[in-house]
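I have a structure here, written as structure tokens, and I will follow up with some questions on it.
Order as written gives the chain letters A, B, C and D; numbering starts at 1 within each chain.
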Amino acid sequence: MTSGGLEAGGQIPGFIVKKIEKEVYEIFIGPQHPGSGHMRIIVRLDGDIIVEADPDIGYVHRTMEKLSEVREWLKPIPLLERMTIIDACNVTLPYVNALEKLMDKKPSTRASYLRVLLCEINRVASHLYGMGIFGVFIGHSTMYMWAFGDREVFLELAEALTGARLTHTYPIPGGVRRDMPQELPGMARRAVRYMRRRLEEYRKIFVDNPVIVKRLSGVGVISKSRAVELGIVGPNLRASGVKYDVRIAEPYEVYGELDFEIPVFEEGDALARTWVRVEEIKQSLNIIEQAVNWLETHKGEPVIAKEDFDKLPKLHKEVYEREGRVKFVPAHATMKIPAGKAVARGEMGRGEIFYYVESDGGITPYRVRVVTPSARNAIVFKHVVPGHTLMDLPAIYGSIDYFPPESDR
Amino acid sequence: MNSERIVEEVKNVLGGLAREIAWRKGYLEVLVEATNIIEAAGKLKSMGLDHVKSVTAVDYPKESKIRVTYHASSYSREDLMGFIVGLSVDLPRDNPEMPSLVSVWDGSVEFQEREVYEFFGVTFKGHPDLRPLLLIRELAEKRVLRKDFVVKEESIYEGVPFKYD
Amino acid sequence: MILDPILYLIAYPPLWQVLILGFLGSLAVAMVAIWFERKAAARVQRRIGPYWASPALGGFLNIIADMVRYVLQQLIIPGTVDRLTFYVAPIAAFIVSILPVIFIPLSSRPEFWPVASMDYSLLIALALSTLPPLLIIAAGWSSNNKFAVIGSMRESYVITAYELVAVVSILSASAATLTFNLVHIVDAQQPFKWLIILNPIAFLAAVLAVLMSTSAFPFEIPESEHEVVAGPYTEYSGALYAFNMGGAYVRRFVYALIIALVFLGGWAPYVPGPGPITGYVIPSIIVVLKALIIVLFISFLRAVYGRYRLDQALGAAWRLAIPLAIVGFGWSLLLAYIGVFH
Amino acid sequence: MTGEPVDRVYVGNINVAAKRARELLLGKLKLGEVVDWATTFSLWPVHLLTSCCGAEFAATWSPRFDAEQYGALPWISPRQTNFIIIEGTVTRKMACALRITYEQMPLPKFVIAMGACALDGGLFYNSYNIVKPWEVVPVDVFIPGCPPPPEGLARAILQLRKSIREKKLASRWLMEGWRPDRDYVTPKDDVCKWWRP
């Protein structure tokens, strides 16, 4: 393919001329490529078979761990939720939990239920996002459009609850920012009913579509033992037969009191991963219903911790009574947190998120370490993709629901 | 399984390897020497801690050390799922070097050790593919997550030196 | 008179057919097909689709805007391509895609179609319609782009799979009617002895072959964008890309014309009468409408299916479509033996 | 023909001919207005995702907002598109991809920068790994917000269409070779330096 000029050492701007192994065809998929997202996969092909895949990530590395170290304790919350903007409550909740562990503070039960409600709304939206992207990766544009259209329903629900479509900044240490508006329970029940009906239509056009089933079954198989060795998380892990979910393993918030199941599949292929997502949406809808029912019947408790609420000045209490909205006292901005090391984890839509927060007693965190589900799933590209054909790459990529900004932080 | 039992079990498994075992908020920290970390990790893995959630490094310029912690947990043992054990090792700050644990924990630490390498400059001996993961070469050489790399901050504290000596 | 040869040259029917039906007609059909594809997909996906360019026409002018934009955009010729092939291949592919139209009759009146009434018109039309893929492969190969080369390789794999199916299933009409002349094939089907009713197996195989040959869903493999960007056309921009993109729709239309004549009875049950209106306009409209139904059906599949993997598509062709085509051919021989058409 | 020596072929100066044809088409025949009209209804953004505003970019083409009704259709390869939407932060790694993609696109081409990060860095203003996109490519329309809602992006597309029609941005390149309203932005330092060996 290379002409004589290139081999003779000619340089073309933007290109690199180097020798590669004989018989191996090296292609660079991304970052500007319809099948790559915000990353690059360097794929080496032997014929049509991938012999080596090297994920080159870091195209969206926005240095959140470093920036968290120079901001006051509350400010990393909006910062960190930008890494998974489509799953904003789930991604910041463990950080808040870690702060609460350091401060020995417990949120009020009502706040816990509100957090869980928003987390599950986000989980449904996040799964729909993943399924839409997956659909378009294997050429099914209708799935993309349907999933993104129905995702708007849940974004609207989140907007009614928090005031923002995507970046809610909802949980704060000791509680949440706002109480639930009056009309939310009705909206949520309608959304749940609608989504249950739509899932049936998804099954008809996508999950049971003969072309899709043929395309996905037996592709990207990760066995149970291999999944454990690679340390992958979330729906990908549960599709391989490992029954692990942080909501069950180490229940945080009020997940221990709620009634839900963890769907587990044994096949470990791309189709099973899709099915796990569909089933998890169903479970999340159940949780939304339970949370809304509880919130409707238990009114009156403040949405922040009792000791914080008592300290609020009179004006702020009036605002809370009138609008259900918590106004911060300025002292929050420069609050100090006792020295110590804390670890917190939570279950995002894509899997387990892990926070390590260390305080030296100052006004900013000493160290915030965050390991996101996508960062742990990235290893799949290196160890599972080789051996498949090139056309399987988008199927595997879409089925593990990899979201580069989350992985790169 | 409660928290006392797990401390007991870790103590039994590690024997004399552990220099210090203490509960932090949310995890059990086990401090070992860099020379026998592979042995300790192998023992923890045989106990059922089969994957690593996070390879966390923290820079302590005052004590001139970098602490690398492997936060391990279990997928296969249901009673261990709720606990996290942090296997820590202290490395000198000027030439941090330790054996890679890819041979023990395989894929779950492979990319995260690359991250620690590029952010802190910790060299993992025996790592199959040690090169920067997220950063470009120029930044990786600056060891950006160490405390002596300071980013500018415009805030109400502007002008106040923000420094960890 | 000296004007006579000039008039004859201008009014030479094959020229007319290529100019009017071949070029403008295929262009119009391609635009309708693209518009329908976008609007139908939008309808299934609960959207509006192209609209504000011309609200009265349902956004049809949007397709013209796209075409104008492509034609008048900058034409980038990368420094690393094989220049001659890069220029020539897409244009030649477009022209060759239209050429079979010369041999496709739209009326049984011989005064309108002197060339088309020749005795081997079906064979020649089929032979010409198998040429463009070679030029597409040349276009991809000359681009000197890795994605384009992979796309070309896939195109060549797919050709080997569908060509036999297309030829055998369409020639099964000849086996039934004992002629290669398209006019005679249509006349044999008058008024309702259409081959789609008498031999649905061959029709099914032919439609499968068209799906594969024009990279329609679920066989959109050479241009599968999530692995090989735009396949053989990755490096093409501006007018040359418009040729490439239009060429695919023209090929689809030409195949649909052949199928409309061979399986859907052409202008049957209408019998062309004398004069240009009854002898040419009405039958040609009937044929084009039948072809358009096939084209629109193929376009609609985009909204319903994903795409198969390469090996699955090849497997479907070799294991399913080729046996189907052969069975259809045998069925046609049986029809001929019984003497349905004679 | 008979008797004359055939040793010389007379052809016109192709540059002059092209210039005249251009003046005729654009001046007398109003082709420019057709080009401007066509470009406004055919703004196809290239598939380049730079950051998390991509979530709202995707939502803009979803059934609820459906930007395809304005004729904008996300397309695959830069060679066949004329429009980049920068979705938020551009990191130093991504700046190289952004610049290469921009240079691969045919003229006339347009850029919309989405989000506060594309303006001045937004939340990440003091990060060590970001660049300002307007230092890398010329930007036509900025959208504030973090992230801007889909309505904001749709409105930016309408704004871009308006300025194309009013300032004849699409047709002027045919006459003058480059957009007259904008200098050709070249990055101060080599954005792809990190990638070269």
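Note that contacts are C-beta pairs under 8 Å (C-beta built on N, C-alpha and C of every residue); 3 or more make two chains touch, one makes a residue touch a chain.
Model, not experiment: these values are computed from the prediction.
Trainee: Hey, which pair has more contacts between C-betas, A-B or B-D?
Mentor: Ranking A-B and B-D by C-beta contacts puts A-B first.
Trainee: So the centre of each chain is just the mean of its C-alpha atoms; given that, what is the distance between subunit A and subunit B in Å?
Mentor: A distance of 24 Å separates the two centres.
Trainee: Between subunit B and subunit C, what's the gap in Å when you average each chain's C-alpha atoms?
Mentor: Whole-Å distance between the two chain centres: 63.
Trainee: Would you mind pulling out the distance in Å between where the CA atoms of subunit B average out and where those of subunit D do?
Mentor: That pair's centroid distance is 46 Å.
Trainee: Report the inter-centroid distance (CA atoms only) between subunit C and subunit D in whole Å.
Mentor: It comes to 34 Å between the two C-alpha centres.
Trainee: Residue numbers in subunit B touching 2 or more other chains?
Mentor: 135-136, 144, 149, 151, 153
Trainee: Can you list the residues of subunit D that touch 2 or more other chains?
Mentor: Residues 63, 76, 93, 126-129 of subunit D touch two or more partner chains.
Trainee: Can you list the subunit C residues in contact with two or more other chains?
Mentor: Residues 45-47, 225, 229.
Trainee: Which category does the touching pattern between chains fall into here: line, ring, star, complete, or other?
Mentor: Shape of the chain contacts: other, as it matches none of the listed patterns.
Trainee: In their shared complex, at which residues does subunit A touch subunit B?
Mentor: 57-58, 61, 63, 65-67, 70-71, 98, 101-102, 227-231, 237, 242, 244, 249-250, 340-345, 352, 354, 356, 358, 366-367, 369, 371, 375-376, 378-379, 382-383, 408-409
Trainee: Given the complex with subunit C, which residues does subunit D contribute to the contact?
Mentor: Residues 31, 34-35, 37-42, 63, 66, 68-71, 73, 76-77, 79-80, 82, 104, 106-108, 173-174.
Trainee: Write out the stretch or stretches of subunit C touching subunit A in their complex.
Mentor: Those residues of subunit C that touch subunit A are 41, 44-47, 79-80, 144, 146-147, 149-150, 217-218, 220-221, 224-229, 302-312.
Trainee: List the residues on subunit A that touch subunit D in their complex, please.
Mentor: 14, 16, 18, 31-34, 37-38, 58-63, 66-67, 70, 78-79, 82-86, 129, 132-133, 145-146, 148-149, 151-152, 155, 165-167, 405
Trainee: Touching residues of subunit B toward subunit D in the complex: what are they?
Mentor: Residues 135-139, 144, 149, 151-154 of subunit B touch subunit D in their complex.
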